[in-house]
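Chain nomenclature is as follows: A, B, C, D and E, assigned in order of appearance, with residue numbering initiated at 1 for each chain independently.
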Amino acid sequence: MEIFNSLATVSFYGVLVGILAVAILTVTTRNLFHAAIFLAFTLLGVAVVYFFLQAEFLAGVQILIYVGAIMTLVIFAIMLTSKIGDPNVPQSNRQRYPALILILAFAVFLISTILKTSWNTTETLQTTDAIRLGKALMGEFVFPFEVVSLVLLIALIGAIVVARSDQ
Amino acid sequence: MVTYPVFIPLIPLASFAIIVFFGKWLKEKSAWVAILASAASCVLSLRAAWTVAQGGSFHQSFNWLMINNIPLEFGIAIDPLSAVMLFVVTFIGTLIVIYSVGYMHEDPRYARFFAYLSLFLFSMLGLVLSSTLVQIYLFWELVGLCSYFLIGFWFEKKSAAEAGRKAFITNRIGDIGFFLGIVTFFYATGTVRFADIRPELIHAHAGSAVLTASALLLFCGAVGKSAQFPLHVWLPDAMEGPTPVSALIHAATMVAAGIYLVARLFPLFHAFPDVSQVIAIIGTVTALMAAFFALTQMDIKKVLAYSTISQLGYMTAALGVGGMTAGTFHLMTHAFFKALLFLGAGSVIHGSGVQDMNEMGGLRKTMPITFWTFVMATVAIAGIPPFAGFWSKDEILVRAFESGHRIIFWALVLTALMTSFYMFRLLFLTFFGKTRGHLHPHESPLVMTLPLIILAFGSALIGLPGSPWMHHWFQNFLAAGHPEEIGMNSFVVTISIATSVAGFLTAFALYVLKPELPKRFAKKYWVLYEASKNKLWIDEFYQATVIGWFKAVSKNAFVFDAEVIDRTVNEVGLKTISVSRIKNWIDQYIVDGLVNLTGWTVRKISAVLRLIQTGYIHNYLFVLLLGLLVIVFAVFNI
Amino acid sequence: MHLPILSCLVFLPLVGMILIMLVPRGRDNLIRGIATIATALVLGLTIKLLAAFDQTQSGMQFVEHAQWIRELNVFYHLGVDGISILMIFATALLGFLACVASFGITERTKEYFALYLLLETGMMGTFLSLDLFLFYIFWEVVLVPMYFLIGVWGGPRKEYAAIKFFLYTLAGSMFMLIGILALYFNHTPHTFDMIELTKNSFALYFQQLVFLALFFGFAIKVPIFPFHTWLPDAHVEAPTPISVLLAGVLLKMGTYGFFRISYPILPQAAHWFGPYMGVLAVIGIVYGGFVAFAQKDFKKMVAYSSVSHMGFVLLGLAVFTPAAMNGALLQMFNHAMITGGLFLLVGVLYDRAHTREMDAFGGVWSKMPVYGSILIFISLASLGLPGLSGFVSEFMVLMGSYPVYRWMTIASCIGILLAAAYLLYMIQRVLLGPLNPKWSRLPDINKREIFTLVPLMIFILAVGVYPKIALQYIGPSIEHLLHLLAGKIAA
Amino acid sequence: MSIPLNHLLIFTSLLFLTGLYGALTRRNAVGILIAIEIMLNAVNINFVAFTSSLKNTSPELGQVFAIFVIVLAATTAAVGLAIVVAIYRNQKTIYTDEIDLLKW
Amino acid sequence: MNAVDSLFFIRSEIFLAAVIFVVLILDFFIQQKRWLGWLSVLSILIAFFLSPSFYPDSGLFFNYYTLDPFGFFFKTIAYLTIGLTLLASLAYEKIPQKQAGEFYVLLLTMALLLTFMGGATNLLMIFLTIESVSLTSYLLTGFQKFDKRSSEASLKYVLFGAVSSAVMLFGMSLLFGASGTIELSQIGELLKSSASIPQNVLTQTGGANTHGMILMGMLFLMAGIGFKISMVPFHMWAPDVYQGAPTPVTAFLTVAPKALGVAVMARVLFFAFPDLVHKWAFLMTWISIATMTIGNVIAISQSDIKRLLAYSSIAQAGYILAGLATPGELGLQATLIYIAAYLLTNLGAFFTVIAIERNLESNELEAYNGLSVRNPLLALVLTIFLLSLAGIPPLAGFIGKIYIFSSAIKAHSIPLALSIALNSAVAAYYYFNVVKAMYLAPPKVKEPLTNPFPIKLAIGTMLFGTFLIGLWPSLIIQAVVKSLANFPIF
């Protein structure tokens, strides 16, 4: 059990490092199509993290919506705008180094703040399941839920209007 | 209750108003309005003077202003001093108005001239009748204004306009002193009423430094108006005006206002020997200096102008050495013979058409009336007894002698000598010998010669009331019960007569017997000659210093305004351009200001700041995060 | 029925403006008629007000008081006392005369007269308000029409002048607003009422701060050196009638602010700042005079002379003596008449010759005798000739300031000398000397123009000869103000 | 809990910043949208982690929040990509440093 | 309050939602799209009057929608803005006629979402509504889809907005972690209780120390909301978007989302972080100063009227924030009053710009030359709006400015007061540049401008409101006082 636990811990860290690595590749690779693939891996990795955190439902949602829907959209867009995927075209702009410095400053700041922080944590993870989540969504969260559904509808209609190239 | 003396100044004022508003219709008749008005006030003045001579007095006033709860009155007061002035002003004034009918006829602004004369009479009479210092200041400025108008009467002539302005500004300088003198006097004593200015009041403040300053400042006014050194420069230029004006304003009456003021405030000056001494010195210097200038002038009016300055200096000196009655006496006599001299000169100019004595000569035959009246006046001013000038001049010399100021006395004697000389020089150059220019002289009309004749009698006789022959009636009248001791000093009388005669003889020798001599003298003593001719370069000196300085300050102030206050750093680039466009120099500078500087800076900042908005979204995001970082950092650290 | 006379004064022009806006474009004579009638009615009402005014009272009269914004304790509070009555009259008179003088405006007449009447409403309101909030509103209302009047109908550099004027004054009034609000919040209960606020006892430090804030607002308007640089530009570019109002009324709004707000409400601070104001006043007097002397442009010269003359008002304010205060207030009135007249005269000449370069003229007096005489008359008043109104007020100010600031008074006398110098120099260059043949066909001043000038000349002469006709109105109020100040300063 | 919350938090912070870096440096609008998805995922992990391991909260709250974030992320992506398509149609580019008609 | 009981209180919202669907459906059948526009305007009006006349005691839908006077105030603002924008867009021919129906639907949805935004009192709803409003705004911005500028604007908008909302979300997650709750008021409670316990006791008892997280969370959250308000330094999107968007959308964007952003900001700061007031008040002071200064200063050098007004609206946001920088009753009042005045004036200005743009086909300042000759009334109206924006009495903007000034002075915030004063002068300069063009510059062509009824109605309404509030400020002041009745004020 102990070994299993520590194995899980080690693999958790491994996953985290992996996600970070893939994410960095996602934002730095010259080929946008590759970036999309790396993004898919990142999102999958995040789903794994959800598993580790015992949020199985969310992990499912993550895979379904992100990897399924959003990735499709992204790749679709990349295709539509073609040529753009040409790896010879530089994919990052001229503010790489300033941005890096800025990000590092943020990182230092955030991490130092996090390290100063202590949390009121439980001994074991609190878990929930799809049923309770579903009940919550249709109960306590019904209002935001309805709002989001409306927004989704209207936004999609709007997106279609904007994207359609009729005259 | 309004008493009749109130109308003395008001009648000329009414005349002024009538001529101004109806001059278009009255045309030539305006002169008669003016003559009637001045004659009327002359009659009233005589009546008032008679009443005063009987021991009466007038005082009438109302509250004009409140200064810190102290009422400032406005009114008329007639005492012996003002009665004398009233007489002089209205009498001579009337004659000159009549004379002007002849002198000014054919002038396009004929009516306006009489309007000015009326206005002047009003102002001068108001001045004389004033019951407070503030009021006198008020009319003081008004007469100055009339003088300005009348000097510049022929304003198309640039020199006339310039002379008017010069007179006004020079007077203003003195007047500011006068004004400050009034203010200081008011705060030192709490009153500006002449009725209050008695020796007792002054004694209460004896030794007061403020009052000393006040007295000096008040005297500044007199210096300006009576053309005393160093503010005498305006009077010769004032001869640009029509000659009757020179006679009335710049010889007989207005310029004497300064003397009148000093006489008015005599108790004040008398109480401060230091001030009196200053007055005496200034008077003497003026008298001597102006007489010296008069020696070489060739313009007939300029000679008379310097003579006027010199005589005014005489009076000032008299007052300075304590001869209040002597000064006033000379004022009166001088008014007569100097008016006569000017009118005579006017007649000469009118008859001959020139003013330069180089072109005159021999006018004796063609202008007999003018000649004889002129002789009377010359004799009077030269101090030949028993003509008017002798008595008054003699009394002044006595005063100076008795006061113990030896230098002043001898200076005045020297002045008398020079006076006699330059007056006879004038007489000989004008009327004797042969006519040097191409002239067609003719005698003036009756309307001009009649006043000459009247004044000639005046010049001869007016000295008598002050002479020992009439027991110094005039002096007693003036001192009103406090008769000054009048001494006859035979030494002084001898000197006086001697100088007069010496002057006559020298002039006769130089200009009648040996007319070629003056030129030789001029060459030999060229330093003196040039100094006299150029009036010691005082005008030039002023031009170079005071006026130059004034203009420079003014110009610089404007440049300062445009450059520093209004502009500052603004547009160094434009400056180089503006050098090339010197014409628009000032415009360029005004364009920009401190506000513009700010505006310019803001606009430049704006132009730079907008560049942050590059249009690139990644830059925007960068700003967002940078800003957030700054905010986080700031908030964590407060 | 009791007529709310003050409200009528304020809103009659506004009614006129609305009427004009309803008139179709192009009916110029009708528009002029409406404007003239409106301003004439205001003048008539003002004369009625003068007649009904109780000269013995020092307090507010004809008070109108109604709640406006309850939440802020803002009242519609109008009133008139000795301090404001002369300015009301000057506004009404100049408003009417300048309206008549505006008949020469032929371009965009409708807008012109509409804005003109709005301007008059603003000016009247400023002088009549007794509530700081209301005061500020009217103060600002003046700015906008002024901007347009200069900007649309002005000279070649009108845009620049208009925006300069606007920004300068707006910046000043922002500071003024800060001051007003500071007063509001530091008084319990919160109030904008000027009369209420005089009963306060603010700490000196606070008073100084507020005084400074208000000072910026007022000083720019006056304008006090070194805030004056907007003035020459605005004056030179503005059309003649607007210059008249600008110099005659708008400048006075600044000094009026001192009399009405700064002094009664912040007495200790006023006393504390007195010497500095005196110094600024003297600098203004002398500096303005020197700069005026250097001018070539007639109008600019008059503009700078305003800087110099308004300095006397400030000098009078800087000392707390009755003579000086009375003199300062009287100087405001006199300067309104005199400078108003001078600007009208500049306009007359400019309309004919289309230039204002003084050197371009010469000998004009012989072609335009009446014009020349009037110009000389008013110039003489401006240079402080005794017997004309300018002298009286300057005399009173100097008389009053002498015992307090001796050297400043003496220095100010240079200003008097300078006034003579630059005005006579102007007369010399324009009227005297040989006639410039270019102007041999100049027509003399016409009847309408004379009509606009005669009332001003009458007041110049009347006040100069018998100042009591003006002083009797202001005396008790000034006395009251001084009494109040003395009490506060002593405490 | 297998690893300390702070460690996970550091991870999500770094992930978030990685995404941010991408948003800052990508020329391609789609690339930026991709980077934004990474950021949102980091946030979601935060929510889930907090809701699961903190004492004073319910396990549903954070997860529901995360679901809403996912939904809106999807919508944003849809709208964003629609706009990318539109701009590609109009300007024939989706490189952000070539899209600068509107500036200054 | 549970969902069923809540339904009564949201009848206006339900009605509006129904209308949205009706319009969507009618869009298929009706060719004259402007009838849909009028229908939308009408339904906004009806929806407004359907609002309940009294407020529930607790938040609706388990506290996910709070209906309180404060929210109602902003609901009014949202409806007003949307209604008038609809009117204005009726006259704006650049919206593709075919898609006009969808355009109205988006605007109606926007009205609904803005209402919810005003009633959001927890982090989830704040995120949801801000994000939804943004999404709709992106689409509206890009609605002129064949216009390069429009789509560019919307691209910039969406990218900037997405990053900001990611940042905001990150902050929310930290706040959630630190407090365990998403309710603003509970966060506030928690902060209060943790502030009362000394730090060392906490660590000894094994309690949490999340102070840094809370602060960080607050700032990130503020960044996200600040994006909506377009406060510096989160404003960079604004000029481009405002310039590129269809003008009615610009009019709307400069007002409603900004106002609602301020509402959310106020709720967040006052409910969740009353104990950090010294921190955020300080921050707000300088942000406010920076916002007004940058907005005004850059506006000076603009030559496109829309861009000029865009920068002006950034500056105006700075004034609005000044009310939050001086927290207290007066500050909040000032904020609300300024928003109301700003709404009237800015919408009016933009509507006038629409009316001019229709005729001139240009937004360049030069095109405005001599407008006073070509259409005196329009020029006058625009001048009045600009004057109101500059804070000249007796117009609405002046009342707002007076309040902002007051709150700064009452709080003794001298830098703020001075900054407002100086900025007012700067602002006047560029507003008068527009006036100068209209009145002082001669026109190139003389043909007059004509406009259809809806835009005239919209402008007229705004003009009326501008004068009404200027002359009778009690009206708005009372409304504001009422709407702040149960807002926590310290």
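Everything that follows uses one rule, which is that a residue touches a chain if its C-beta (ideal position, glycine included) is under 8 Å from a C-beta of that chain, and two chains touch if they have at least 3 such contacts.
The structure presented is a predicted model; accordingly, all values stated were derived computationally and were not measured.
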Joint neighbours of chain E and chain A, given as chain labels: B, D
Chain ID, smallest distance between chain and overall C-alpha centroids: C
Relative to chain A, chain with the most remote C-alpha centre: B
Longest centre-to-centre distance from chain D, chain (CA-based): B
Top-ranked pair of chains - ranking by C-beta pairs in contact: A-D
Centroid spacing, where centroids are CA-atom means, of chain B and chain C in whole angstrom: 36
Separation of chain A from chain C, taking each centre as the mean of its C-alpha atoms, in whole Å: 71
Cα-centroid distance, chain B relative to chain E, in whole angstrom: 77
Chain C and chain E: spacing of chain centres that average the CA atoms, whole Å: 43
Chain C, residues touching no fewer than two other chains: 167
Per-residue multi-chain contacts in chain E, two or more chains: 124, 128, 132, 135, 139, 142, 145-146, 151, 154-156, 159, 163, 167, 177, 180, 212, 216, 239-240, 301, 429
Sequence positions of chain D contacting 2 or more other chains: 9, 19-20, 23-27, 32-33, 49, 51, 54-56, 64, 68, 72, 75, 79, 83-84, 86, 89, 96-97, 99, 101-104
Interchain contacts, given as pairs of chains that touch: A-B, A-D, A-E, B-C, B-D, B-E, C-E, D-E
Parts of chain E lying in touch with chain D, wherever the complex brings them together: 123-124, 127-128, 131-132, 135, 138-139, 142, 145-149, 151-156, 158-159, 162-163, 165-167, 169-170, 172-174, 176-177, 180-182, 239-240, 243-244, 301
Chain B residues within the chain C interface of the complex: 63-69, 134, 137-142, 145, 148, 152, 155-158, 161-162, 164-165, 168-169, 172-173, 176, 179-180, 183-184, 186-187, 550-551, 553-555, 557-558, 561, 565-566, 590-591, 593-596, 599
Touching residues (chain side chain E, partner chain A) in the complex: 3, 6, 17, 20, 24, 60-62, 64-65, 98-99, 102, 105-106, 109, 112-113, 116, 124-125, 128-129, 132, 135-136, 139-140, 142-143, 145-146, 151, 154, 177-178, 180, 203, 207-213, 216
Complex interface listing, chain D residues touching chain E: 9, 16, 19-20, 23, 29, 32-33, 36, 39-40, 42-43, 46-47, 49-51, 54-57, 61-62, 64-65, 68-69, 72, 75-76, 79-80, 83-84, 86-87, 89-91, 96, 99, 101-104
Contacting residues of chain A [partner chain B, same complex]: 93, 95, 98-99, 102, 105-106, 109
